[in-house]
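Here's the structure, in structure tokens; my notes come after.
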Amino acid sequence: MFTRTNKLQYNAKPESPDPLMARRLQESLGGQWGEMTGMMAYLTQGWSAVGHEDYKDLLLDTGTEEIGHVEMLATMIAHLLKDAPTNVQENAYNSGDPALAAIMGGMDPNQTIVSGLSASLNNPNGTPWNSSYTASSGNLLADMRYNVTRESMGRLQVTRLYHMTKDKGIRDMLSYLMARETQHQLQFIQAQEELEEKYGVVVPHGTKDLQHTEFSHTLMNFSEGEASRKFLEGKTAKDGEKFKYEENPVAQGQEQETPPAPEDLRNTQGDKEKTVEQGRKIIEQQQNMN
Amino acid sequence: MFTRTNKLQYNAKPESPDPLMARRLQESLGGQWGEMTGMMAYLTQGWSAVGHEDYKDLLLDTGTEEIGHVEMLATMIAHLLKDAPTNVQENAYNSGDPALAAIMGGMDPNQTIVSGLSASLNNPNGTPWNSSYTASSGNLLADMRYNVTRESMGRLQVTRLYHMTKDKGIRDMLSYLMARETQHQLQFIQAQEELEEKYGVVVPHGTKDLQHTEFSHTLMNFSEGEASRKFLEGKTAKDGEKFKYEENPVAQGQEQETPPAPEDLRNTQGDKEKTVEQGRKIIEQQQNMN
Amino acid sequence: MFTRTNKLQYNAKPESPDPLMARRLQESLGGQWGEMTGMMAYLTQGWSAVGHEDYKDLLLDTGTEEIGHVEMLATMIAHLLKDAPTNVQENAYNSGDPALAAIMGGMDPNQTIVSGLSASLNNPNGTPWNSSYTASSGNLLADMRYNVTRESMGRLQVTRLYHMTKDKGIRDMLSYLMARETQHQLQFIQAQEELEEKYGVVVPHGTKDLQHTEFSHTLMNFSEGEASRKFLEGKTAKDGEKFKYEENPVAQGQEQETPPAPEDLRNTQGDKEKTVEQGRKIIEQQQNMN
Amino acid sequence: MFTRTNKLQYNAKPESPDPLMARRLQESLGGQWGEMTGMMAYLTQGWSAVGHEDYKDLLLDTGTEEIGHVEMLATMIAHLLKDAPTNVQENAYNSGDPALAAIMGGMDPNQTIVSGLSASLNNPNGTPWNSSYTASSGNLLADMRYNVTRESMGRLQVTRLYHMTKDKGIRDMLSYLMARETQHQLQFIQAQEELEEKYGVVVPHGTKDLQHTEFSHTLMNFSEGEASRKFLEGKTAKDGEKFKYEENPVAQGQEQETPPAPEDLRNTQGDKEKTVEQGRKIIEQQQNMN
Amino acid sequence: MFTRTNKLQYNAKPESPDPLMARRLQESLGGQWGEMTGMMAYLTQGWSAVGHEDYKDLLLDTGTEEIGHVEMLATMIAHLLKDAPTNVQENAYNSGDPALAAIMGGMDPNQTIVSGLSASLNNPNGTPWNSSYTASSGNLLADMRYNVTRESMGRLQVTRLYHMTKDKGIRDMLSYLMARETQHQLQFIQAQEELEEKYGVVVPHGTKDLQHTEFSHTLMNFSEGEASRKFLEGKTAKDGEKFKYEENPVAQGQEQETPPAPEDLRNTQGDKEKTVEQGRKIIEQQQNMN
Amino acid sequence: MFTRTNKLQYNAKPESPDPLMARRLQESLGGQWGEMTGMMAYLTQGWSAVGHEDYKDLLLDTGTEEIGHVEMLATMIAHLLKDAPTNVQENAYNSGDPALAAIMGGMDPNQTIVSGLSASLNNPNGTPWNSSYTASSGNLLADMRYNVTRESMGRLQVTRLYHMTKDKGIRDMLSYLMARETQHQLQFIQAQEELEEKYGVVVPHGTKDLQHTEFSHTLMNFSEGEASRKFLEGKTAKDGEKFKYEENPVAQGQEQETPPAPEDLRNTQGDKEKTVEQGRKIIEQQQNMN
């Protein structure tokens, strides 16, 4: 269960309005790697974590913090949109003013027409946030790797945004987010390394004997040039085995071909009538197999 | 430029048809973390990599290999759909046969009605593959972390699929994919660690002085319970500094509030007329600021 | 079955071209709350309505009218795009003309490259219209509430668009749409109130005894501040009962935790082998329960 | 800023596992009208509300509560998936058991292969939650109408789910959610009615004189049959004016036609060369107009 | 402007309910190539067609007819869902009845929980219809080719659906749709061929001199095997020129490489400071070029 | 299995950077009809083709070539983004320079913030590429028609892009793509015509006797005006039969109405209790029918 205070985790107030930055900050709010992605990924992972109370708590601490970051960005964006030129009097191509022209051209129409000059749960191109940005696999090590990626991408974008403005208020908030994303990168790296130590470096653990190990430590050279050979060959992989390099990988499978489909599908390649008998034969085969 | 041989990289042929497995394998072909995601992510990253010929080559080697994995899965799925019960005679609820009932109920209608019993670029629920599953950020370390995640998730799913069948042909192919995803995990981990050594562990590099460092190594306790304190407090983070723990994080920002919108938007909270003059004032402020 | 006349329901002709307004009007054509949403929602509701011939007819009257509104907007947009500067000669940053600069910057590339200077079934950011904007639930009162919302949002956006232009032709059409959306708001409110009278104010009707009524009239205070208490406490809700206020809502559920997954999923938390026997036990439990 | 306790707002524990119900409950978690939609819509509206502290607080109270409902559903779904038959031994068409057949056929493959037997932020068909399910328009009355709709649809679906199970644990939780959705319907209706009283019944307020009022109170009969006439004609609309009925609405607009596009687009209908001069003429016309 | 009669264009009534067919028919209603796609594509093309009144009329005739087909399918689906087993008493895994098991497993949860046993604007997997299924390019020949494809795919799917049922009512409706899709294929082929005669076979017309013609009639052999050589080499293409075959296509472009990004993006490959001066240099270059 | 050389199929290098063209070219890379669509559609069709080795080879030749086109576009876009004005110093509304203003306004924020000045797998509006742009139906004739459409749309867009720049490098590459899309149009037309000859002109073949032939050659006049009569009436369709014209098509179906839903769904129109008995009756009816 969650509760909320009305003060923000950190300041989110610009020196002056700037509708172009309002648009750009939508990436950090509702883009692929934005705060909403962090919030929903960590909460979902935390709710399904089991057997590792420390990581569960870590995930829920951070997921809950991220709700507050979404809140900060939504607040900042609303301030930046204040007094944005929305109506005809400021219409760029009547004003002869290149500054207004740029603002008009670069604003996100969604922030005016749909949201009434406040934040949307979109990226700057108006693509709605969707949950396939997140991950929660049930495998904690895979999830921690995802989380390290999320925080790396998030901090990278925040840094880029920092260089797109000189507004001290925006920069103050972005500096704060950068710091938090440093912490989050480091904490998830910490968890990742402890899990690697416990379960092994290859996800998922305990499946070594299921794989064709003769192919598990060889870089295959499918693109011209061998720069990658120099990088990898002979080095010891993190699981302790040596990397090999295959200069000319050979296709080992069958010829690529597919079976014809039954005639009642009217595929151009179909050529025989499927019957109930055939359907039952599948079942029989499988029952015999087990 | 690419070329293609007709033999598969490895065998992709089941012992017998199985439309339920045909549906499930769509996750590895066209799901969030499937082979198509790997293929498009690594190629895009490789095409935009610069200054690091070894990583560029590594990415393009692996991206090109993944096209061949998509091909293997498409071939396998077509074989599994062969002789699937598509027409009325096999109609489950006339046959009184629970086996057929299960097959009918669990098949993906898309694989029959739309694709004519061959593979689709979808996941098992028919959600179309889309490019926001991929990442290519221009920052190689962030991208390598994404790649390690992709391979971890991919191998995890392949392992789950392995346990859902006893068909030796399917298992043979999955064992091969598992091995390749071991290699890919390890090679991207190798690249990641070398990049961390060169650029530092926090992405993006060289931005330490931009952040509010007083918040960059503290876990804030936003969820009840302190299991995460025990996990982190006092440990040394990978960048060499010590983690701190804040038991009761205090909201340090302003009250959350947003400015009123102009009256011509007819927001219920709007209360003042916006004029051209105000629009121009924004510009002035910004020009003075610089 | 539908038929069509070639005259528009109302004029849709601008005084002069304006590619920025052409982009913005896409919101009213193919945005979340645009005319296409109204058209498809009301037709679908009307086709599935039963037992209330008056509402069914009302929905189909209005749904059919909305096809004509989509037609008006498509016509208007095509006129606005006429003579838009698409080729290199007008290229903004060669002309030194801020007006052209703004037009170039703000145009939707989709309307030129993809649609050849005519309307698309998108919003101004090029997000394709999709059917999850609509609703048809089988419950007429819920649907009427959705419809009132659709018409409110639609009219709000039309009004905002009205203030973004001085073109008399565009404004004439928008004034017409505003009037129709007044009618549609009012007619759906009328239906809604009659349905509330007949079935009760809470959707769905006849389910009062299924709910834990001790929680059905209490505002719980999860966010700091009690401004909402003043607003609600002690007032009589529309269903005749009094609103209560809970200052400090207590978590009444169990601790949040999830069960471990079976080992064959290779979750990091998995720790026991699942067997057929266990699978069957689920079935038994459920059969005993009934 | 937000904080979290580990106890759930209310119990979320089933009597026994049931993977089909686990799939269905995804609608209430991550479907169009599910709890995640409520959570994100109310928080976004609350963060952008201004000038009405009571409604702002109401929205933030309820939005924060909904995070806890998402948490309850995620917990319930994980319990229901426990011991679900995921591997080959339970494979339906070997068991000859119709019960297992149904479970296998009806399970969501995503919940096993992708999420490792825990909840996803999807609906039962695996469609990812996306933010275009939500609304935050800046107009409080429009938003309150949306909210009443969300709670109506949400409670309707919860009731349907209630009738799809006899499990006392699931029903207990659903009874609780039903009660909360009663409260939320009633509180938003209360706010809606007060806003209607203050601003008028038609959204947005204060725009009466902008519309062609001769069309604002007339139901036009575009579909065969006049059942809707009886329902509306002569009644007084909620804004105090009388409804009229137009039996044979006449098309009043121009003929539907669109202007030719410039030749360089190679539209088949293009027939004249566009020049810079023409581009500039647009600008001139618009500047003269103002 | 559109009007509507309440009788359907053709009968849409099954002999008996069948929830699995109800799910499958969603493909023809709201799938990629379903009737809704035809309806919206042809209307949009018709509204933007110009200079060819016959094709404009043809498109609008057919687009209007398709609204009626969507209506027929929605009606049929509602009848098929009648009396579908939605509640716990019929719960498959209590009944021991494989027929019910199959129905329960194979039903679309959306049609019950969300739509209340009526049609949705989705495909059978619940993927919402979206407007990127349609096309309207401004080039009539390209559009006619799209339309021929739409009708081919649509009729193919309808035929597959025909073979999935023995219900005479469903088959009667599908036989009607098949006939209409025969007409529509043939009429669009007719238009296509007349346009090819008028404008030439390659879209878009009049651009022959813009292309590198030395590459315009050569099949390049990028995949192993030369079966395609036999098929094409030496034949006369529809535009009158001969096809050539290139056995070993040579890469003629530069080495694939990308320029470094500016340092303020913190790409790992960035290595130089971007300045205002450089920005201005781009402009200059372009102005000199013209 | 695929391999790759590092040289591009053809040159992809502009004379000078141009971030607006970088945005527009995204349509040809990741838009609905872009090269990625061709690549994935042809490969998927080729992998599932059977019984026609020549077409299979043709599809795989062309699909493999298209990977190289995606590569060329990604390379070109990265060059065009070089030195794009991303940071505050170039901020348009401080510079007073309309050229910079236009660039700032028109750039895709995604290409900077997310991709670090390289290509994305999106269209110019940032809409992610998704696999429902492609088609692979199992019916070769339907697929060839799709392919002809893809190449027509692709070449049309490339031609439009050609006219939006004067850069000789961009034009050189576009001229090459135009030529290849000429070849691809012609080769797929060739295949299409041979398949029509073999299987007949109406897709799918061999289903003539399944349809209501009395409706298969009649254009029905659903929209006002008879321009389409003149175009079609009396002409001979490509399958050898004559087209007829129906001036006033009559609705021949039943009244549109839907059956009531069971009470436990709480639809407002529900009015009777559904029982197990009724559920079983459906099954019986169907079993008797067969």
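Letters A, B, C, D, E and F mark the chains in the order given here, with residues in each chain numbered from 1 onward.
As a convention for this text, a contact is a pair of C-beta atoms (placed from the backbone, for glycine too) under 8 Å apart; a residue touches a chain by one contact, two chains touch by 3 or more.
It should be emphasised that the depicted structure is a prediction, and the values quoted were computed from it without experimental measurement.
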Inset, instruction - Would you pick out the chains that touch chain A and also touch chain C? - result: B, D, E, F
Inset, instruction - Kindly list the shared contact partners of chain C and chain F, in label order. - result: A, B, D, E
Legend entry - Matching chain pair for A-C (criterion: over half of the contact pairs shared, by residue number), options C-F, C-E or B-F: C-F
Inset, instruction - Please state whether A-E or C-D has more C-beta contact pairs across its interface. - result: C-D
Legend entry - Whole-Å gap separating chain D and chain E, where each centre is the average of the chain's CA atoms: 27
Inset, instruction - Between chain A and chain D, tell me the centre distance in angstrom, where each centre is the average of that chain's C-alpha atoms. - result: 25
Inset, instruction - Could you put a whole-Å number on the gap between the CA centroids of chain A and chain B? - result: 6
Inset, instruction - Hunt down the residues of chain A that sit against at least two other chains at once, touch-wise. - result: 1-9, 32-33, 47-48, 60, 64-65, 68, 71, 75, 78, 86-88, 91, 93-95, 97-102, 104-106, 112, 114, 116-118, 125-128, 130, 132, 137-139, 141, 156, 159-160, 163, 166, 204, 207, 222-223, 225, 249, 251, 253, 256-259, 261, 264-267, 283, 286-287, 290
Inset, instruction - Select the category (line, ring, star, complete, other) that matches the graph of chains linked by touching. - result: complete
Legend entry - chain F to chain B touching residues, read off their complex: 1-9, 30, 40, 43-44, 47-48, 60, 64-65, 67-68, 70-71, 74-75, 78, 88, 91, 93-94, 114-122, 128-132, 134, 136-139, 283, 286-287, 290
Legend entry - Complex contact set, residues of chain D against chain E: 20, 23-24, 27, 31-33, 98-106, 123-127, 156-157, 160-161, 163-166, 222-225, 249, 251, 253, 256-261, 265-269, 271
Inset, instruction - Over in the complex, which chain E residues touch chain A? Could you list them? - result: 156, 159-160, 163, 264-266
Inset, instruction - Name, in rising order, each residue of chain E that touches chain D in their complex. - result: 1-6, 47-52, 86-88, 91-98, 100-102, 104-110, 112-114, 116, 125-128, 137-141, 195, 199, 204-207
